[in-house]
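Paired with chain B in one complex and with chain C in the other, chain A is shared by the two complexes that follow.
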Partner chain A sequence: MATQASLDNPPQVPSQTSSTGRGFPTGLAVLTGFTGVMLLAASYMVFVYAPMERTLGNVQRIFYFHVASAWAGALAFLVALVAGIVFLINGKMQWDRVGKSSVEVGLMLLTITLTSGPIWGQYAWGNPWPAWDPKLTSAAVTWLSYAAYLMLRQGIDDPRRRARFAAIYVIIAFTSVIFTYVGVRFVEQTIHPHVVGPSASTGEGDFGVSARIGQTLGFSLLTFTAVYATLLAHRLRLENLSERIKQVKSAVLARQG
Partner chain B sequence: MDLATLLQQAQTPPDTTDGLILAYVVIGVIGVAYVISLILRANNLRKDIRVLSQIKGDE
Partner chain C sequence: MTDRVEAETAQSTRRTLKPTPLAQATLAIAWKDLRSELRRRELVAAMLVFALLSLLIFSFALEVDARSRAANAAGILWVTLVFAGTLGLGRSLGRERDQGSLEGVLLAPIDRSALYFGKLIGNFLFMIIVAVIIIGPLSVLFGISLFTPLLPLILLLGILGYAGVGTLVASLAAYTRGREILMPILLLPIALSILIPAVRATRAVLEGAAYSDITIWLNLLLATNVVYIVLAYLLFDFIVSE
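Let's turn to the complex of A and B:
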């Protein structure tokens, strides 16, 4: 039926040109430029505006992008969760594409968190990855869960079955995000300090947040939110374009066959 | 060494700039690698569009 519909009304070949002439729409170009400026401003605040921390020295400045990327990663997985739920309700494939794109960007952001953290840990704890620390372990489990999501998607050919599986998977996988970001607060044994609220008694590497440190952290959080939104928009645009090309290819092959 | 020097040393932050540079290089490499992957994927899709346009033109 779908093939017959494609033959009767073949999809158009997507256009390469855009309102900017550079391959993407004006709104996306503005968002990308705005995010670039924010990244530059955030870098200035991290390296120049924020004061040096007395106990750890310059390495404490890792904290700003480490926390911000962790926040944006969690936001990405939350968006994927919402997209999965909406897909299960209305069955529109667009939501599957939102979920997939958001998970991919979120995984990249969580990779930044998981690689920058151990460098800080080496100086703060004398160990980049204290074995079986609840926060670190659950963050690693979260990363693996979403990496598996992208891999497992490739194993299902039928798009609607794949989308349904993916939607259910992200709902289950989000439990690891809840534990990493919220649940671990109720576990006393973690060495990882909490940014918001008091750390556990076993936490190490905690420090007071002065006004400039707070402003820099706040701006970094906003910047990484913008980075996430921009990358999601670009990734989603590619996903939509790829989908349209697949439809045109199917129509062309059906006509030639 | 007198007490004032010892106090000054105790209050001087350690030089951990190496760690800072390493972390931001790693963050930069991951970010840039992802952006490059997006650009490469976009270029591949553009090639597909060109091929499909040619096929459509031939028809």
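Let's turn to the complex of A and C:
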């Protein structure tokens, strides 16, 4: 009965989020629709507009979304790193939610990279996963590190400690990824083609980037950046809503109490 | 000096005492861990038996031919060390938490990072002991001499880096539910950045590669060491502060 009474007369809850809490934010709806259109356009460019690659044929078309999802994944982990550092400096829980959401979206994007890569590799190298290649190894390790990040979060109950430890771990994880990625790349010969930066002539399945291929790749990169931003916004909205529910719950309980 | 670190007096003296210098406090904590290990002998013994067991399992599981011997021995040496190391690291701060002595150490008038460096020295020494002992059996089981002049340097750097990042991650894991399960999951992906240069340097040494092929990995190992230990120094405060 007491619950009924307090629900009829909702308690004042400190509002942390700027959203009304009711209905779907218009800005997010527009962003989602825009990203959807971009994904359709990117698919058209990848499958129709981009020319058939001479040596690899249609399989080469995997490359556009492969590179784009890898880029967006890297961006997601960079955002999580920045959010972690900012949280350790100012201690605002909002940054913890940004970090967690960004890692979740980044893991999804990196999964796309890690599944599309071997399909391409099977045709280009005749082997889906050449052992000990630094780029492949570091991509897999990145995935595992950030999966471990989510497991670390699950293992801690106190929200502030969880936020602090997650921020610490994300900093160490990013450092280790940099070491496996950049450090080893300079030492080891990779057979993975470099899309960005100087391309070693030893790369097998290397291809010259023609104008249409370049445009398609550029648009795919933009599209996946938009996909990342949209998913992050959705994920963050959910986090904020669930945080708000927690606050309302504890306010109701306090009133009864 | 050691007594000062212990819990009884720490709380009351916090305000009146000047903080103990970092080096002195670090050595006190390391010495405390070593002394407790000397009395119980449970940790190093467990690590050692585990390491010898895994060497034996590797020798059954892998058929090592003469050509790939050096590469295999390098990998087996480091995998064994890393897995044995997780046993020790899991206990390092975990034991303090279980016995409630961590609060005592934290109340002592010392720099918090002394706790990190003290634990690091302990974990480092335990792993070094294991490494020194398993080199003999490894040489015998896989028929390759590991007694080469550069190997001690690689072992020192690799173990220091692993213990450095391991002590930090183990301290994170010490506060979590189910830390025994979580610790290796958190540590191993990170440790790979130490493991890759360590294994490659060891392999280059065992294969008798050119000096420049060895030093490039050693430099990378040195760089990872420096970065991780500086990071740990900066971040450790955030772990233990309530």
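By definition in this document, the second predicted complex is superposed on the first by the 213 of 257 C-alpha atoms of A that agree within 3 Å, B and C clash if a C-alpha of one lies under 4 Å from a C-alpha of the other, contacts with A are read in each partner's own complex, and residues count from 1 in each chain.
One rule holds in what follows: a residue touches a chain if its C-beta (ideal position, glycine included) is under 8 Å from a C-beta of that chain, and two chains touch if they have at least 3 such contacts.
Just so it is clear, the model here is predicted, and its values are computed rather than measured.
Visitor: A:I62 contacts which: chain B (first), chain C (second), both, neither?
Guide: first
Visitor: Which partner does A:M108 reach: the first (chain B), the second (chain C), both, or neither?
Guide: Only chain B; A:M108 stays clear of chain C.
Visitor: So, does A:M93 touch the first partner chain B, the second partner chain C, both, or neither?
Guide: neither
Visitor: Counting touched residues of chain A, say whether chain B or chain C comes out ahead.
Guide: B
Visitor: With both complexes overlaid on chain A, does A:R161 touch chain B (first), chain C (second), both or neither?
Guide: second
Visitor: A:S145 contacts which: chain B (first), chain C (second), both, neither?
Guide: After superposition on chain A, A:S145 lies in contact with chain C alone.
Visitor: So in the superposed three-chain picture, is A:V37 touching just chain B, just chain C, both, or none of them (first/second/both/neither)?
Guide: Neither chain B nor chain C is touched by A:V37.
Visitor: Residue by residue on chain A, keep only those touching chain B in one complex and chain C in the other, then list them.
Guide: none
Visitor: Under the definition above, what is the set of chain C residues touching chain A in their complex?
Guide: 165, 168-169, 172-173, 175-179, 182, 185-186, 188-190, 192-193, 196-197, 200, 216-217, 220, 223-224, 227-228, 231, 235, 238-239
Visitor: Tell me, which parts of chain A touch chain B in their complex?
Guide: 13-16, 23, 52-62, 65-66, 69, 105, 108, 111-112, 115-116, 119-120, 122-123, 227, 231, 234-235, 238, 241-242, 245, 248-249, 252, 255
Visitor: Could you list, by residue number, the parts of chain A that touch chain C in their complex?
Guide: Residue list for chain A touching chain C: 88, 137, 141, 144-145, 148, 151-152, 155-157, 161, 164-165, 167-169, 171-173, 175-177, 179-180, 183-184, 187.
Visitor: Which chain B residues qualify as touching chain A in the complex?
Guide: By the definition above, chain B touches chain A via 11, 13-17, 19-20, 22-24, 26-27, 30-31, 34-35, 38, 41-42, 45-46, 48-50, 52-53, 55-56, 59.
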